[in-house]
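Alright, structures below, take your time with them.
Same chain, two partners: chain A is paired with chain B first, then with chain C.
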Partner chain A sequence: MTATTFDDARPVSASPGLTREEAGFARRELNRRRLRAFALVIPLLVFISFAFFAPIATMLHRSVYNPTVVQLIPDTLAKLQSWDGEGRPDDSVLTAMAVDLKRLANNRTSGKLGEALNRGLPGTSSAVKATARKLRQVDDATLAADGAALLLGANDKWASVELWRNVRKTGRTYSDRYFLTALDLERNAEGDVQTREAAQIYVQLYTKTMRIALIITILTMLLGYPLAFVLANAPARTASLLMVMVLLPFWTSLLVRTTAWIALLQTNGVINSVLMGVGVIGEPLEMLFTEFATIVAMTHILLPFMVLPLYSVMKGIDRSYMRAALSLGSSPIPAFIRIYFPMTVPGLSAGALLVFIISVGYYITPALVGGTDGQMISNIIAFHMQQSNNWELAAALGALLLVLIIALYWIYDLLVGADNIKLA
Partner chain B sequence: MQRFPDYFNFSHKAGVYALRLTAGAVLFFLMMPILVIIPLSFNSEPFFTFTEGMLSFEASAYSLRWYRAILENPNWMLAIRNSFIIGFFATIVATSLGTLAAVGLASPEMPFKRVITALLLSPMIVPLIIIAAGMFFFYTRFNLVGTFTGLIIAHAALGVPFVIVTVTATLTGFDHSLFKAGLSLGANPLRVFRDVVLPLIRPGVISGGLFAFVTSFDEVVLVLFLAGPDQRTIPRQMFSGLREQINPTILAVATLLVFVSVLLLLSLELLRRRSERLRGV
Partner chain C sequence: MAADTTQFLRFLDVKKSYDQKILVVKGFSLDVAKGEFITLLGPSGSGKTTILMLLAGFESVTGGDIQIDGVPVTRTAPYKRNIGMVFQNYALFPHMTVAENLAYPLKVRSLDRSEITARVKDYLALVELEDYGKRHPGQLSGGQRQRVALARALIFEPSLVLMDEPLGALDKKLREQMQFEITRLHKKLGFTVIYVTHDQTEALTMSDRVAVFNDGVVQQCASPDVLYERPSNAFVADFIGENNLMPAKIAAVRGDSVRVTVAGGQEITAQAADIREVGGKCIISVRPEKMFIKPSDHAYDNEITANFIVRHYVGDFIRYYFELSDGSEITIKVLNDAAAPVFDEGQLAQLIWQTSDCFAFRTM
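Now for the complex of A and B:
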């Protein structure tokens, strides 16, 4: 502990040398400078709020907000409010549904309703579409008078309690059910949360994503550590030449590197040709479109993120520590483990967290080289956004991924400090 | 031959060579994929692999046909143009806003510095697929999906963290009394910024701009979600090419992009040296 000097210890307001007036002036001046510094940041904060934070907030909102069904059949849902959930709802509800369905059939939106209801109860979609098609022919007066009977006549599924429970469930504007789906859970008839009985895929996918990310992190450590060590201890000239070989891949387009791996790994690609030419294998290995391809290509792409922080830490380590240990008779391995390695842990943990964070959310490379078993969580989010159009589920899966990333970023900030991110 | 210290025994020396060998192998792993695509792009056959003729260096096995194919294909030409347009404007937005903010953040009186820095750097950490989904939901409300404006805003947001990081780095060790000196000599803050601060941090600003440009130039996930057919960019075109019909045109484009990265690396190195000279390091 160093002695605190008198100057450091005194607070501004109580400074014996300053009058009350002077202290007030100093405070105002400090506030003015704070405001000036803050004013410089405001334009960017406004821009980022619109361009980045508002979209993220919208996505989070979307994961619990599902307006589709309410917008499609508002009258039916209003009437369904008074239903007790036991037995077939009364005829007014059925009539309202019949009227709503005719309107949807005329707007050509009955398919949308079918799709939304089908997610809660498979098999509903065809009933909705077939009924809507039939009711389209009926005139409004008959429908208002006899809607319930017509609905039941069109498809007997409308008599099932389960179907109406599903209508009421999917009709809620706000619900946690997409989060439950994303966690492979569901609510049973009593409203208790339980493990989903149908296919459980998402928890497994998260686990798999984390496993792949962990393998990539370990591989980049194993490959990056010796490389960073040699770079940090090479003579300056050699080091800068070798550094180019790390930085060039780092700066090369992601798609270029992914393309290269496709050329290398495909069935009649470079690696198979070489291995067959040498005679190691008789027939080509299937390497592209596998989890192996995802791991290899991503390790290649993320390796510089490991090498660069390790290099900057190793560069700062005084060589005389190792020299002292070795000249005192220690073997290289114990000297390395007890002297050198502990000093490189900050760089290693920074690199590992960075690689892990980036690989958990990776999309492009798995999409192009991963085939079906090399897909990660990002790919399934993209699938629900673009192909199955289940945007709420995509948003819920994304929200969970975001929570994971924020937790990791927080750890990174604690260990390394976010403002210590350096770029080559 | 390398000279080792006297206390080095055989296992020490073997260790050093084993390390170098491993490092060499890792460097090979890093560089080989990039080097392989360059000769492959001169293939005269529509294959993604070396033909017999190429291996025996027959002149007829090599050709420039895939480079010609780029020039003749209007989709690629449009993609190249779009990539430059979007990259250019996204860089301008990210660099100007980011530089101002970095100057504010570097001031010792900046309130909430840690929180604001973490917030401004977060676009770098959040997975692109999440950003893309969110932007798709939000930008639709403002009719920004399928427009150049939407993509420029999106890419500028991604580029901002890089500008903040590089400019902040050049500002460490910046003497704030220079700013006060300018003010006390009667110049207004804007003029002090333009004539005193900016020349000193220019290398950081330019390399931040380069980072922002590359980020936009290389970005494909947001483009997949936000771009219409008129906004196809080079990476988008490569992505669909790799998914649909793989042909060596992609390798030719990839080779050109490798040369772009070489140029970029060179200019960053020159900027770094200049910055060190300016700061008197």
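Now for the complex of A and C:
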């Protein structure tokens, strides 16, 4: 038989590559496919950039950008540029301040300036407001001529070097002082960074937040691991029932669950009543509005985040591994430690990472059941956003939290390896 | 201690039920000699893997006893039984290297470090994977993993090795290679093997004896040639290899052979396997390669007329399909040579065979 008897005998080796048209066609086909894929995710990209990236970027910007003072008293700040920082500034500066204050008083924005200055130097607010009130009635000509004297006459604080240093410091559009505050630091008169002399609360609060998050992570591990093991090894029917019970909290409103904890933990709540009824304790335990309440409620709420990744990993571990270990002569407990446990580490670390990161930034539960004792960093951030109106500090605290979490993730990646995470 | 080496491993009327209602294994008895290669063969759900699990100690025995070297083991914990096991999915520990996997059974036995290293090296060489000790199982091919699993099951020198469909996940070519490999190691090291498979070619090529399982009962336990050439009942005849099965009725009994009527009243002679009652319904089996088409030089005792349906060209042989008047189909394999006849559809043909290749079984 010769090759010519085959109808479609083609010299195979003669054309190893594609012609130019074929290559072009293949490329266009590929591009079309990419374009289609991209078009499908455009809505999501738009949504994410405006609902996720933009707010975060704004927040990060906000932590170093504080234009309030610059906008309110631009002339004063311009004149203050030439001040050497020693002794009372020139009368021209004081006059400019008096003029600015009058304008602010008429605009009803002097309070805003007072608040902004007060953050750098407590007690300034009242001086600013009182002075502005007095200067409102003075006519412009008198003010221009005799502004400095009027200012000093209105409040003797205007003579203090401290105050003017603070005005100049807060008068910068960009500054790192909120970050320093968030780290319990400040700049002294020479501009060097030093530990804050006033109350130091933030570093302590960060430490406490991390400690609470760590305790919660360990508790969810201790509670979740055996549960996931039972789930993964139970017959299908039992497993799905148990799974519903694990997921039930997920489907209930967070607020309802937290409120339920209030009902359980309060002084006349279920737990205290039962314990007193049985006679274990003589008087009610103070459980609500403590760190204990925060930890218990958050452990409960975050447990599914530990169980689900663990379950999915354990489900994938064939029982033959344990059987192999037993048949090779290892007794059950060493076999579990040496063989089964290492195989569950991806799920365990994924769960731990999830629980830890979620709890570091948790807000609502500590706010509701934590009292003063169980507050975490997010509660302080919320406080600065909503009550003290110090958005810059809130933004700096938030940015630090973000940095902290990224750093933790990085450490985790070094130790465990991020590709070891298995969520499902 | 049992002195008799033919009773190294004994199953004595072993029963197993998972739900306290249905017996999955219904009274399994078998004596295994030291160094023997026994295969449990059967369709899925026939209870063969359960037997293995009972022997390994992963499941508890509901009734009966299992003895190794005369000692009952049913109450011994699995990790004290000293039985090597190869799993279908290999069950190599993914977070350990190949060498660590092999060292594991030695480590739990607290052997010397130097001894462990030496033994691991020996067994890696035994399965021809000397250079793979530092790799992880994930970096090996299916066949290599299988070898590692084998070496790990053998390295602590168990007297008994269980294999649960160990080649099930491999492709055909690798499977044949590994069959050869397992037989080689078995011959070289002389351990006793209980092998579970549903692949009968594998069972026939590798084993000293094959126990054919169905419905929790051993249908026949014999060497491969006996199993193929002298099946003891209709299930084995049908399950092992290819067979032509024709319904028939016994007309007369003459010693070990019976005279039966098949479709269209044609009479043939068959060897009585498990039925001798005159007038009883039976099944006649003849292997496709034992039947011939007239004209033929082969000697024959039986002749039957059938309708030709179609022939399929396979390559080394040609398959002919015929039909009897009652609709039962007959397949004949004919070597692909000049003698292979050509028929028209519906044409009548004379099929012939010898009584020694033909058996009468009780209807299933």
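In this text, the second predicted complex is superposed on the first by the 381 of 424 C-alpha atoms of A that agree within 3 Å, B and C clash if a C-alpha of one lies under 4 Å from a C-alpha of the other, contacts with A are read in each partner's own complex, and residues count from 1 in each chain.
Criterion: contacts are C-beta pairs under 8 Å (C-beta built on N, C-alpha and C of every residue); 3 or more make two chains touch, one makes a residue touch a chain.
Keep in mind that this is a model prediction, so the values were computed, not measured.
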| item | value |
| --- | --- |
| First, second, both or neither for A:327, with chain B first and chain C second | both |
| Which superposed partner A:411 touches (first chain B, second chain C, both, neither) | neither |
| Chain A: partner with more touched residues, chain B or chain C | B |
| Which of chain B and chain C A:281 touches, first, second, both or neither | neither |
| A:201 touches, of chain B and chain C: first, second, both or neither? | neither |
| Footprint overlap on chain A, comparing chain B with chain C | 323, 326-327, 329, 331-332 |
| Residues on chain B engaged by chain A in the complex (per definition of touch) | 5, 7-8, 11-12, 15, 19-20, 22-23, 26-27, 29-31, 33-34, 36-37, 40, 47-50, 93, 97-98, 100-101, 103-105, 107, 109-111, 114, 116-139, 153-154, 156-157, 160, 162, 165-166, 168-169, 189, 211, 214, 217-218, 220-221, 224-225, 235, 238-239, 242-243, 246, 250-251, 254, 257-258, 261-262, 264-265, 268 |
| Residue ranges of chain C touching chain A (in the complex, touch as defined) | 56-58, 77-85, 87-89, 91, 93-95, 104-105, 108-109, 152-153, 156, 162 |
| In the complex with chain C, residue positions of chain A that touch it | 318, 320-321, 323-332, 334-335, 338-339, 342-343 |
| Contact set on chain A toward chain B in their complex | 30, 33-34, 36-41, 43-45, 47-48, 50-59, 62, 223-224, 226-227, 229-231, 242, 244-249, 251-264, 266, 268-270, 273, 300, 303-304, 323, 326-327, 329, 331-333, 357, 360-364, 368, 378, 381-382, 385-386, 391, 394-395, 398, 401-402, 405, 409, 413, 418-419, 421-424 |
